[in-house]
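Shared chain: subunit A. Partners: subunit B in the first complex, subunit C in the second.
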Partner chain A sequence: MHIPDGYLGPQTYIPIFAVTAAFWTAAMRKLKKTLSVKEIPYLAMASVFSFLLMMFNIPIPGGTTGHAVGAAFVALLLGPWTAVIAISVVLIVQALVFGDGGVTAIGANCFNMAIVMPFVSYLVFKLIVGHSQKVSRLSAAAFISGYTGLLASALATALELGIQPIIAAAPDGTPLYCPYPLSITVPAMAVEHLFLLSIVEGMVTMLLLRYFHKHDPKLIYAIKEA
Partner chain B sequence: MENKIPTFLLSNNPLLPKARAGTSSSFIDKGIRHIAGFYETIFFQWELSRKDGLFQRLNARTKVLFLVFYIFVVSVKKDVSSEILIAVFLLPLIVMSRVGIFAFYWKVFIAGFFFGVLAGLPAAFNIFLPGEPIYIILELQRAHDFWIYHIPQTIGITREGILVVSMLTARVANSVTITLLVICTTPFAELVKALKAFRVPEYFLMIITLSYKYAFIFLKMMRDMHTAKKARLIGNADAAGWIAGRIACIFNKTQHRCDELYKAMSGRGFTGDVKLAKLEHVKAVDIIAGAGLLTLWMFILIV
Partner chain C sequence: MDVFQKRLLIGLAVMALLVPLGIILPEKLGAGGAWGEWSAEALQSMLGYLPEGLSRYTGMWNATVSDYEFSTGSKPLSYILSGLIGAALVGLAVYLISRVAVKRGK
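Our next item is the complex of A and B:
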């Protein structure tokens, strides 16, 4: 899911970086208002938690691997704006220390995994749960929110890659960046996420939400808001 | 020379869980090895950043500017010859930075191979990218159309496809070279401090720094838990249950550690105002190197 350098043209990575930067600014302003000083280290811990989850790559038939992101759970536990910062921090550290994901693609990777995913997950969760406090409904909502969040993130990635041959091609039509059109990128990303990785993300989100709901429900932002 | 390692350490321990037939190890084991790789990477970069080389002597701000400008120029170039020219310009910088040229280029090769050659290879065939085949692989009886997909009668590698794969590989390799050169010659703390000069909010930088430092603690915790489990259990007893329990346990420990950290921070006078250490003064060597790299950058951009 981490887009490397060379796959996105400046026509894509500059505007996406601008959009992501706008979200970062809004998130920082919101957090400064709502987050107490005590919760600042907690934000860093949420980042580390997501970092740990991303280290466990699950083999996918075909030879590649994938991993859970943890963004859906962070969004439910700490709120989507907090997740924007927490997951962005992980992605920035990964790009700057390990070269996981390109430097030019930092904006796009953060947009897909730190903006699209937490907000989609949070909205889906709220939509399903409503005002209910039933464990079965919370569990189902958590699973579906993790599942749809990662799927939406994968689709956003596929869209960014798939539009490259349309918006960035040489005069003879040869693609200059990612050579695969939407007809290839969307099914390629969708298949592995529909049937495996999104299920893993959904399971992780559900198990953790159940754990926190059982032991310390007051901590869960998405339930507090209800 | 005879080693002095006790024989019981050299033999396979029958109590350790065995990998299932056909698989080398579970994804948990691989994840744990990935964690070990984290320490290795950090230590390797820390060692390289302490060497007396060209880039190590430069201010982190100069290097961040180099990273941004050169990655940009790599991304806007539209032909393989320009990418080769950039690679040639980068070579003396790598040599002068004493980062271990073979190990360095091995990493670049791996990234270029996986993200350039392997990921781009299907585009070399006329199934994925239309073009005139120059090397025919397969001749079908007729062309096939399936929904929005078209399979031509003659399947082969095209000239356009080879160009696309070469361009992608060259761009990935150059981008990785630039990124590695900067991250291998700059301690992470300096890199974060340099971002402060580019108006990145200090609040944000503090979260990055805290996350980076605490990644070490939690990775160690994760590795210790796994080792403890391996030492106590025989076989893959309820792996899924164990993983779920450990994820929750890690988050729980995160919470406790967070409380301790806050107490430590407030005990040292933290009130919410984030103040990072001041940036180093720009030296003459930074101005000269910066001007040289900028001139070179403009030359590459124009050529």
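Our next item is the complex of A and C:
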């Protein structure tokens, strides 16, 4: 899901970068207001967790690979705004140091995985949980939160890639950037996430939420806020 | 750091040691790279041409440790080392950001 350099034209990566930068500014402002010293170890570990989790490439036998992101659980644990910072740091290190995701695509990749994903995951969780504190309800909500969060992120990526042939083609009609239209990018990204990767993200989100909940429910932002 | 946080740290350390699974399993099951992340060479052979704009951007950035792989040493070891370096950098960056964000005495 890490878009490399050259797949998005400037008509796409520049506006998305601006949107992402606006979220970064707002997230830093929130962090300044709310972050306490006690939370710093959790924030650091959350980022490291996401970085390591993305190294576990999950094979689709005979096909491609993908991975979970961890942004859903981070959003539930620390809140979606803190997750924006935690996951963006990971994606920037991946792009700059490891060439995973393009440098021009940092704005887009952060938008997909560090903004769309944590906010969708968080909203879905809150919608399902309501005011319930039952572990079964929390578990189901956490699974669906991870599942839909990663799926939304994958679809955002597919949209950005798939509009390239429409908005940027040479005079003779050959695409300048990502050559595949929406009719290819959306099904390709949707299928692998619907049937495998989002399930993994959902499981990871649920298991970690249960583990933290058992230890101390007050640690979990999405629960204590209610 | 309390007992719970220590347990989480141990969990992360175990993850860091297991990362080679993320390259060994795909190889065993014949799975290629991620969809939509093909290199310029791979794309060229898939399409028969390289989109003009794409060719201008591709390779513009020389990542220090491209694809989590060092030029020497075994692949799994290289992957573990990349994981440790990445984890350290990510941890350090988050720590520095937190220092800016948290005012003293809060």
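Note that in this section the second predicted complex is superposed on the first by the 220 of 226 C-alpha atoms of A that agree within 3 Å, B and C clash if a C-alpha of one lies under 4 Å from a C-alpha of the other, contacts with A are read in each partner's own complex, and residues count from 1 in each chain.
By definition in this document, contacts are C-beta pairs under 8 Å (C-beta built on N, C-alpha and C of every residue); 3 or more make two chains touch, one makes a residue touch a chain.
These numbers come from a predicted model, not from an experiment.
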Next on the checklist: Let's test your reading of the overlay: on subunit A, do subunit B and subunit C clash or fit side by side?
Outcome noted: clash
Checklist entry - Touching A:194 in the superposition: subunit B (first), subunit C (second), both, neither? => result neither
Next on the checklist: With both complexes superposed on chain A, which partner does A:102 reach: first (subunit B), second (subunit C), both or neither?
Outcome noted: both
Item to check | subunit B versus subunit C as contact partner of A:24, first or second or both or neither | outcome: first
Next on the checklist: Taking the superposition on A as described, I'd like to know which of subunit B and subunit C A:140 touches: first, second, both or neither.
Outcome noted: neither
Next on the checklist: Quick check for you: in the superposed arrangement, does A:32 touch first (subunit B), second (subunit C), both or neither?
Outcome noted: both
Checklist entry - Between subunit B (first) and subunit C (second), which, if any, makes contact with A:53: first, second, both or neither? => result both
Next on the checklist: Taking the superposition on A as described, I'd like to know which of subunit B and subunit C A:183 touches: first, second, both or neither.
Outcome noted: first
Checklist entry - Between subunit B (first) and subunit C (second), which does A:204 come into contact with in this model arrangement: first, second, both, or neither? => result first
Next on the checklist: Once chain A of both complexes is superposed, is A:94 in touch with subunit B (first), subunit C (second), both, or neither?
Outcome noted: second
Item to check | Listed stretches 6-14, 114-122 or 132-140 of subunit B, narrowed to the one that overlaps subunit C | outcome: 114-122
Item to check | Overlap of subunit C and subunit B interfaces on subunit A (superposed complexes) | outcome: 4-7, 9, 28, 32, 37, 40-45, 47-49, 51-53, 55-59, 65, 85-86, 89-90, 92-93, 95-99, 102-104, 170, 174-177, 179-180, 215
Next on the checklist: For the complex, give me every residue of subunit A touching subunit C.
Outcome noted: 1-7, 9, 28, 31-32, 35-37, 40-45, 47-49, 51-53, 55-67, 85-86, 89-90, 92-100, 102-104, 157, 161, 168, 170, 174-180, 185, 188-189, 192, 215-216
Item to check | subunit B to subunit A touching residues, read off their complex | outcome: 27-28, 30-31, 34-35, 38, 41-42, 45, 67-68, 71-72, 74-76, 78, 111, 115-116, 120, 122-123, 128-130, 148-149, 160-161, 163-165, 167-168, 171-172, 175-176, 179-180, 183, 188, 191, 201, 203-204, 206-208, 210-212, 214-215, 218-219, 222, 244, 247-248, 250-252, 254-255, 257-258, 261-262, 265-266, 270-272
Next on the checklist: Looking at the complex, which residues from subunit A come into contact with subunit B?
Outcome noted: 4-7, 9-10, 13, 24, 28, 32, 37-38, 40-49, 51-53, 55-59, 65, 85-86, 89-90, 92-93, 95-99, 102-104, 170, 172-177, 179-180, 183-184, 204, 207-208, 211-212, 215
Item to check | Contact footprint of subunit A on subunit C as seen in their complex | outcome: 1, 4-5, 8-9, 12, 15-16, 18-19, 21-23, 25-26, 28-37, 39-40, 43, 47, 49, 51-68, 79, 82-83, 85-87, 89-91, 93-95, 97-98, 100-103, 106
